[in-house]
Amino acid sequence: MPLVAGIDCGSGFTKAVVAAQDSPGGELRILGRGRARSGINVDQAAEDALIQALAGNPKSDLNYIAATGFGRYSLSFRDIAITEITTAARGAYFLFPQPGAVLDIGSQTTRAIAVKEQGRVSSFKSNDKCAAGSGMFIARAAKYLEVPLEHVGELSMNAAHPQPISSICAVLAESEIINHVSSGVGVDDILRGIHDSLADRAGALLKRVGLQKELTFIGGVAHQQGMVRALEQRLHVKVKVAEDCEYVCALGAALLGLRRLASRN
Amino acid sequence: MSEYRGSIHQQQKDLMLDWYQRLDQAAEGGEPPTVSMMISGNCVELLEGFDAVPIYPEVNALQLAIRHQSLEPILAAEEMGYAGDNCAYVKADIGCMVKGITPTGGRLPKPTLVLCNFVGCNTYVKWFEHVAAFTGAPLFVLDVPFLRGEEPSQADIYYVVQQLKEVVERLEKLTGRKFDEDRFRQAVAYSRDVEELWSEVKHLAKHSPSPFDAYFDAITLMGPLYVYRGKREGVEFFRSALAELKEKVRAGEGVYDQEKFRVVVEGPPPYPYFRSFRDMFAHWKAVAVASTYSTVGGLWEFGFRHDPEKPFESVAMHMLAQNVTNRNYLQRYEQIRRYVQEWKADGVIIHFVKSCRLFSAGQGDMRDYLTRQVGVPTLYIESDLEDPRYFAEAQTKNRIDAFFESLEHAKHTAAHAVGA
Amino acid sequence: MDEFERTFDSLPEILGDLSFARVRDWKKQQEGRKAVAFFPVYAPAELVHAAGMLPVLLSGAGDRLDIQHADSRFGSFICSIIKTTMEMAMTGHLEPFDALLFSSICDSARNLCFVIKRNFPQIYTDFIHLPHSTSDSSVDFLTQEYRRIIHELERLGGSPIHDEALRQSIALYNGQRGLVRQLYALRAHSPHLLRAWESYLLVRSGYVMPVEEHITLLRQALEYLPTRSNKKRDAIRVVIEGSFCEQPPLELIRLLENAGCDVVEDDLVIAQRWFTEDVPLGGDPVRALAESYVKSSVYSSVRHDSQRPRWDGLAEKIRGTQAEAVIFLIAKFCEPAYFDYVLFKKKVDEMGLPHLLLEFEEKLFTFDRLRTEVETFVESLVFD
Amino acid sequence: MRIAAGVDVGSTQTKAVLAGANGDGISILARSLIDTGANVRKAAERAFDECCRQAGVTQGDVGFVVGTGYGRYNISFGHTQMTEISCHARGAHFLCPGTRTVIDMGGQDAKAIGVGPSGEVLDFVMNDKCAAGTGRFLANAAEVMGVGLDDIGPLSLRGTRPVKIATVCTVFVESDILSYLSQGKRPEDIMQGVHLAIAKRTLSLARRVNIEPLITMTGGVARNVGMVHALETVLGQKVVVSPDAQFMGAVGAALFSLEKMGESFESSVWREHAVSSRN
């Protein structure tokens, strides 16, 4: 039975998914997932993530390795490199099998993808030049608000009076945020303000690729319920979040890996 | 508020309202025939020969922006695939079309003819092509050769006259009406009178204090100028305007209780922030004594008039050489220089609008010319005429304050040298 | 015959040479003769050639020039080629040229013409109004306009331009355009024999070398290319649309192909084909040239013809080459291309073809983002 | 002697200057520098107090106070406000006579100002929407490398093979630096790369105004020798830096104050200005 790994070499984290499928089109079994800080040595990070994902199976059992994400070409032990947009679409479609918009917010990039049947990409827009729309923005804010990243989500969920962030720059926003703190604005309201501004930026991208009633939200930031709530309220859409949302690209890569393998033999 | 509010402002409103009603009526019953045209170097006189009504998409677009309603249609257009950097007038217009928004409040008819008299603006050709493509209305591109030299050549004039006659034929087919040459000649005569009056008004701004603001107030007077130029109502309107402003001059009334700065403004205004933009000048009691934007529809203060003796030729001449958009860039430099010197201005404000490359491409060089060659202080600010997203209020105010501070400081050091 | 392969290595140097050494050499050899530079997209090169002058296309500065002065003359939201051309002028790079010709392609280029005129009065700079309409009176007008230019060139060159000379020039250029058409036909038929970046170099070099030399080069190419032993690739057949004026970096064209595209048609430098058929040699040559522009130009986003819409032109290209996809390769801030994208896109959607919009600048440092976008596009077509 | 003050409430640091004028000209009596922090109003007061303390005068002795900087409208005791643009030009004209171009790099913005023969503003551009290429960018870089603000400049000077910093985003530069560090690049080369990146970025903006000698650099970043050097390298021209570079805005404001005292207070613009600023 073919064993395939999808490895997402993201700018912040490297994620691996190992999957198996006895016959093409047959039922898919996820053996495991793994995640490691990317750092600079892509192979090393991938190795670490892969070991976790193999869940005990020897690496030699792998029949095919599909690399995706920003560092895909730096991964030496790959059979194929696929862009994170293609894999995001595939992974998302596998989890929620219907066409529509997919939003992927990672450490440094925000992407809006329009997905059609079989998880094909019909169009996409991305922002990777400015931190103001990225997970990094939140990660930093969380740092100097002294909130663990894991708690950012529910804190911002409970915000009673979200505090708008006027600055369009993640850095200039910081002094704004500090002023809010010192004038006694609650941390939850501030975090929600950040989520709102992120949601607006994401909205601009999503509109360009076409946004209907529903939206699939992936990438690490999708862990943050506050962000989900912000998207729903600002964009008036229903937001579907995959559990293990930051593994979606790795999953998509694994899926495409299986197809290549099938078409090979 | 600072700006001048005379009885003519009410008259102006009424006139424009009548216009919109006639358009609404046309939308209702297909009569009277309507022709959409570009404001710049328009040949509205020709329409009189068919008793047809002009539609000016720009006027609609700017009304929309002033009423803070331009963003929605712009976004709609961008979702269709228009780029963030396309002229926002076009996006607003097309956006309204697809969203069924009526910028005028009343309905807009499908034009009998889309007459693309693009003078100098290539974007306009695209705009009207798209309008025709989306509405299915017939399109006529009236190819006005750009003014390469100082004056148009015989070939240029002949070419435009030929096309004007082609337009007449086309309209006769489309409207089933016979072209009334006498009405046309009459319209050209009215235009001549309006231009005479309007030109006098412009020259009143040479007085200090100036009785009106030749940028902000001039814009309110532009509506009648384009819609009613070829009509009796137009002549009456500008006659009373002139009388009213002359009276102010006699009484020594200016725009502000005390006129502190006289400036020339180049470029269209940021319509989405029209009010606050004006306040930034009012704050310094700075009055515009002349502006290039107010000559988009026609440049008359330097003597050109339509001529009922040569109706077609003079209309052609107007389109070719007597509006700021079809004159070449260096002629615009020259126009501003004359304003500065003959209208006695302390400085020039260049307003770069990202939408309009016709106006804006090269304004850095224009500033270089004005500051070095002419030696007049020049401020350069960027925003947009239709898209509210490109106006940074705080920054713009900061720049304008800094500019007038430096003018103030220059006057001050000239008066008594203190400090270093 | 692999010495021809080497021409592909030498051409980028020639095209990227901002000192225009070859132009200087040509002028040295041809004592007292003049070189005339023209800004994209179209100029009646035949007139210049008939005047015994060397027509050269100004095609920006690629990534070889830092913008140091031009930004102070042309503000934000203006395309790169405007700025690099201004920069070249302000840094003395255009010194080898005795004349500069611009035409009515867009508002930015038109203003650039007059800005240069003011700053460099010593160069003869002129603006040609190419009609945006296709009536007979447009032909009359353009004939007059060309006569005006001829008159100016005669003044500049100090000798008259005879109809016979002009006919010969037209014949030469007809020949050149014919060869380019063959080159494109070859590529459309067997893209593996001629990569897009190669045909781009071959065609564009015709804008800097004398037409006679270029004809020889094209002949050699057409002889050699079919003998190549490249093997067919498994790639998508794409049409590139939108790069008629400012040119993308060569690396970007390569990137498209490496990502799995076979370029079967493009409008890079309008492929220098200008007209859909040869310019007639009989009768008044000036009028013939004018008539060809007005009535039978290849479509481009800067030429308007309400009879033959451009989007139909694109549709023909697609059908004619059995293309499977369209890549809109548009220069940042190129308003004509931005506008046409909307109606092109509409057409291509109606035809049910996939398409991708890419924005570029003459000067690009990182291609990662573009690569990801192209690869994704290709993947969306190959992965079933 | 007439005493006047200028207070420059910057986004990062607040600067105050006392200037005095008597028969034999104008002199700077005192200067103070404190972090702006969250309470802008307080910062302004503290800076002003500190100045008076240094000069040994009471606030009552100070005839006129001009406020400038982004927080100028929060100065409760200021008689009037002026833009930092005018003030930097004025200050540079005074302290570095012959200045034709001012490049001001502050905590969160960067400006270029064209200055006329009498210190008037001819033209200016500013970057105030994006923190890319500002003092903040440097401060961030310093933090990531674990180097003190005062040391990054000297450190960058020691670089020999500057790395290429692709991103200009103040946030993303962290990851760039981290990856260079873990690739074993030398800190001085990384820092030099950072400085050059900012210099390029700043000048591409500054070139919108005609950059002409004499070029004076002002703002807190001017205290960073590495930045000054980077600017000179990219510009290929000499850049002048006054010891009071960071105080330039405040100095200009103080000079304007003196001028105000020299004339009657009836000048309507000033009045209106002061009033409008309160609401």
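Note that the chains take the letters A, B, C and D in the order they are written out, and that residue 1 is the start of every chain.
Definition applied: a residue touches a chain if its C-beta (ideal position, glycine included) is under 8 Å from a C-beta of that chain, and two chains touch if they have at least 3 such contacts.
What you see is a predicted model; the values in this text were computed from it and never measured.
Enquirer: Quick one: which chains contact chain B and chain C both?
Expert: A, D
Enquirer: Using mean CA coordinates as chain centres, what's the gap between chain A and chain B in Å?
Expert: That pair's centroid distance is 50 Å.
Enquirer: On a C-alpha centroid basis, what's the spacing between chain A and chain D, in Å?
Expert: The answer is 41 Å.
Enquirer: Using the average of all C-alpha atoms in each chain as its centre, how far is it in Å between chain A and chain C?
Expert: The mean C-alpha positions of chain A and chain C differ by 42 Å.
Enquirer: Listing for chain C: what residues touch at least two other chains?
Expert: Within chain C, the residues that touch at least two other chains are 71-72, 75.
Enquirer: Which chain B residues sit where two or more other chains touch them?
Expert: Expected reply: 364, 368, 380.
Enquirer: Counting only chain pairs that touch, give me the topology of the graph as line, ring, star, complete or other.
Expert: complete
Enquirer: Could you please specify the touching residues of chain B with respect to chain D in the complex?
Expert: For chain B paired with chain D, touching residues are 258, 260, 283-285, 364, 367-368, 371, 377-380, 392, 395, 398-399, 401-410, 412-413, 416, 418-420.
Enquirer: Using the touch definition up top, name the residues of chain B that touch chain A in the complex.
Expert: 75, 78-79
Enquirer: For chain A, which residues are in contact with chain D within the complex?
Expert: 11, 39-41, 108, 129-131, 134, 136-137, 140, 168-172, 175, 178-179, 181-183
Enquirer: Chain C touches which residues of chain A in the complex?
Expert: Interface residues on the chain A side: 70, 82-86, 89-90, 118, 120-122, 124, 126, 128, 256, 259.
Enquirer: Which residues, counting only chain C, touch chain B once they are in their complex?
Expert: For this pair, the touching residues of chain C are 71-78, 82, 104-108, 110-112, 114-115, 117-119, 126-127, 129, 131-133, 135, 137-138, 140-141, 144-145, 148, 302, 304, 306, 309, 332-333, 335-336, 338-343, 345.
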